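Below: one structure in structure tokens.
By written order: A, B, C and D. Residues from 1 in each chain.
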Amino acid sequence: MDIQKILEEIQSEVQPLLAQGRVARYIPELAAVPADKFGMALRTVDGATFTVGAARERFSIQSISKIFTLTMAMQLAGDDLWQRVGREPSGNPFNSLVQLEYENGKPRNPFINAGALVVTDVILSHLDDATQTVRDIVRALCGKDDIDFDLSVAASEQETGHRNKAMAHFLKSFGNLDNAPERVLDAYFHHCSLAMSCLELCEAILFLAHNGVAPVSGDLVMTTNQVKYVNSLLLTCGTYDAVGDFAYRVGLPGKSGVGGGIAAIMPGHFSVCAWSPGLDTSGNSLAGTKALELLTTKTGISVF
Amino acid sequence: MDIQKILEEIQSEVQPLLAQGRVARYIPELAAVPADKFGMALRTVDGATFTVGAARERFSIQSISKIFTLTMAMQLAGDDLWQRVGREPSGNPFNSLVQLEYENGKPRNPFINAGALVVTDVILSHLDDATQTVRDIVRALCGKDDIDFDLSVAASEQETGHRNKAMAHFLKSFGNLDNAPERVLDAYFHHCSLAMSCLELCEAILFLAHNGVAPVSGDLVMTTNQVKYVNSLLLTCGTYDAVGDFAYRVGLPGKSGVGGGIAAIMPGHFSVCAWSPGLDTSGNSLAGTKALELLTTKTGISVF
Amino acid sequence: MDIQKILEEIQSEVQPLLAQGRVARYIPELAAVPADKFGMALRTVDGATFTVGAARERFSIQSISKIFTLTMAMQLAGDDLWQRVGREPSGNPFNSLVQLEYENGKPRNPFINAGALVVTDVILSHLDDATQTVRDIVRALCGKDDIDFDLSVAASEQETGHRNKAMAHFLKSFGNLDNAPERVLDAYFHHCSLAMSCLELCEAILFLAHNGVAPVSGDLVMTTNQVKYVNSLLLTCGTYDAVGDFAYRVGLPGKSGVGGGIAAIMPGHFSVCAWSPGLDTSGNSLAGTKALELLTTKTGISVF
Amino acid sequence: MDIQKILEEIQSEVQPLLAQGRVARYIPELAAVPADKFGMALRTVDGATFTVGAARERFSIQSISKIFTLTMAMQLAGDDLWQRVGREPSGNPFNSLVQLEYENGKPRNPFINAGALVVTDVILSHLDDATQTVRDIVRALCGKDDIDFDLSVAASEQETGHRNKAMAHFLKSFGNLDNAPERVLDAYFHHCSLAMSCLELCEAILFLAHNGVAPVSGDLVMTTNQVKYVNSLLLTCGTYDAVGDFAYRVGLPGKSGVGGGIAAIMPGHFSVCAWSPGLDTSGNSLAGTKALELLTTKTGISVF
């Protein structure tokens, strides 16, 4: 199969969609990214790499960072983590407080914002410098020392993130944050502000397609069972309120961010990342989702 | 890999769980089934069959019938079906009316009861004798002419199914049933009362592991794309409010019923069905879920 | 104070509003009533009567009948009634199923539809011919032997009342109906179809302004304490989701119906009823509410 | 009627209840108040005063302060206030975020915490020193210069009030706070910490029984219409999720606080305040509610 050719076909086919998505506007840094950007990278477990478009241009990974914080929290807290956060799809918009109230402050899963705040709190309780460590782990996973936070993005999130602040105080009121809400929020906003390229994201999550072994370092990031767990969580909870639609159309475990990135895994085979800043009404990249759908349709490869 | 030996290990390992589940008690026919029953069957796409325990004993398939009615509705209505029923996990107990109210009578997916009522309504609008036809299709799929409804089960459901009746009238109030609620309910209760064995269920759903081709007849039941769709819906919506837990532990698309059956698919490889009447708190078979978890753990085969 | 003159002023001032309300359209019988009808009657505890407009024309009293069924259920079941229905405002649209689900099938109060279905069920459990008896009691209260159900209205409600049917089956699923849902619904639809005039309604509810003594018969309908209870329920729960607005603007305990009638009580002083078929967005008569607001403003008499 | 004798009877009759309520424990200052305290004061519009028990002992008025902040906001913003806060009962526990989410950040009424935060924000936007001014107005209303905040109470609320903080940030996320959440919360916590006695509260709210005229100063605090509005809001929204129960049993507009105070009004006649720190499950003073119920039962005077 000529993967490079397929990626080029995809790049050409998604062009008309670039104008149709809506770039996130709630902070100036995201609003300023041109809507017509598109990049895509695919990395196989045997080391082959394919790219098209702006695959090497860094963007704000936003919620894709939840993969890395969940990975860390699973390493640090083991199964105790699941006392504090669930593993079920939320069936509600990604920032809903309703469910949290009816379920006494236990977020449904680690990929909704409330769940990621609890995950961040768990990391903070284990590590002195949690923020730095998350960045260092991401650097190690893809072997790039210059990956870093975008501090102006983090500052803007801090300024406008009233709903995340409400959520953190709400979790605290249920006793499901050990650290001060302000400290948890600060770490969370930093993680979301990481700037990475499609290619770097493919590298960083390739261990999820590779039985838990990081390709760069050869290190065992997590056990085969843990990999299965993370992938199942991604498939059932990774794309906001469009989980079913994404599974239906793309058929791969994946995680999206409002920066327009989507990173996905074909277990045993490859990792893939598409980026385009224009979002659909669910908050997922419009052209990015289409690109991944075209990939699984053209290759006939998906988990289903 | 010695599948037969693995199934025998599983049968032995789940014995202690048989006493722990809770048999459904809302109708006498289900309540009367002994809690210590266990059966399991696996059928590969190349025709090999493996069974242990009561794999040939028929039980009430209940919600597993939703696979067959969805299959029929997709054949009859095509993509129009998705105007009337969604494809997203519900994130709520399987019989909740709340979500239906907030989403104006469009059920979240075809595997919650509300969604299955709409699916049944769609079939009724296309076929004169919908109930009979569903039975005939199931018979054809597994090549068994004596598969039939358990009319006393259907009658008991009719007597006690106040919540399903509430749901049907509620759907009607939103204009999302074309036929009379009473007629839709009658067909729905019949479908749920189908009695089949693990082995027959494996046969009947094998097309979902086989690019849509039924193994018995060689007929194309649905296209490869449609198979991908059904499997993704099963994985994200097939096991009530334990979808995440099931994906996490088992890692296969599957559908459970309160009769204690669970049918699952490993695309490209096999179909599998486990049956044990004792249920966990989510309404899924306790030993059945464990049996499937052991299968994917011991074989190392799952979609993730 | 010249009450007659005040009513005439009100009649003149509400004329421009008659065109603005929206006549209920869900059944043909209600849809056919001309929007420009307006009538108003006031009856004091010492026997004086004042009327303007169509005060003697009968209309479908609809939910105003809930006053009479509550009165009967309080007589028949005493305080046991409150085991099955609450006394708190619902804070939700009048036909919401959400609250019922979160509160395990106990309706918030007797004036929302779910609560009135439970109240009707209580009456049915005590009386052989509940429907007839309700009519007879209303006849006795206002001394008019020809007050009756509008059977074509009842039949239309039966045909289109899918949401009420959903509610009845839902209540049954929680075990909060003793009788068959179909029987409860039939009685309920009959009660709602009673046809009465403003003047007749004033007569029928005057006991609520008169320490529980019916003016026509001199009978004690309920105790002083029970009167206080019914009036407090009317004030806090009697006007759908506009309870606060009605208390704020009118300041009297009252009950509205989708037929356009509103009946209210000034304890110790008078009963009053306004009728105009055009409804506001909350389902209360637009001109009727304004008429009552003008009455309490012009007279300076309200409970506050 | 011998009011003094009635109050003494009440004092004696509520003694057995003092042990049964549960003193608020979320901050040390409230937890330290002895559960057996009881005081009651009644002040008529013609200047007569009656007291029993600890009627002159100051306690933390908590949510009763919402009467004073609403009064100020109505003076400052007029009808514009109702663009930002509703006038309907909430039908949910007093600190629920659910309704706020479904109604886009507009609190149901000014007496739930969310509504009081918006009311406080309105005052802050009009006045340089809002906190001081609220205190000064309360001082003026009852002619006592030494009424003041309890700063240790305010500090404790600040420390533990995670749910109120969540609410403030949530309101901000909907754009329904003009000022910084931290500033609004600080003012709000101060207002709640006011320490006053039953007698002082009777004095301070007597204008609501007196057509808006403050008895001490003779000043017009609000118009007759505004008085009617505030009283109707108190009756339909003043006692958390027990509004119906309070109207049913007491039958007076009133406002309770978790410090154990309840202040109520009989329009045209008197104001009354009962205090006892033990709360019922709705957060209202157990003995205080009973005392007011006994008052309206023994005197036969209520709005109904």
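Please note the rule applied: a residue touches a chain if its C-beta (ideal position, glycine included) is under 8 Å from a C-beta of that chain, and two chains touch if they have at least 3 such contacts.
If you're wondering where the values come from, they're calculated on a predicted model, not measured in any experiment.
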Chain whose mean Cα position lies farthest from chain C
A
Chain A and chain B, separation of their C-alpha mean positions in angstrom
32
Chain centre separation (chain B, chain D; CA means) in Å
55
Averaging over Cα atoms per chain, report the distance between chain B and chain C in Å.
47
Residues of chain B engaged with two or more neighbouring chains:
102
Draw the chains as points, connect those that touch, then say whether the picture is a line, ring, star, complete or other.
ring
Contact footprint of chain A on chain D as seen in their complex:
96-98, 101-102, 162-163, 165-170, 172-173, 181
Quick one: in the complex, what on chain B touches chain A?
86-92, 99, 108-109, 224-225, 227-229, 231-233, 235-237, 241-245, 247-248, 251, 253, 267, 297, 300, 302-304
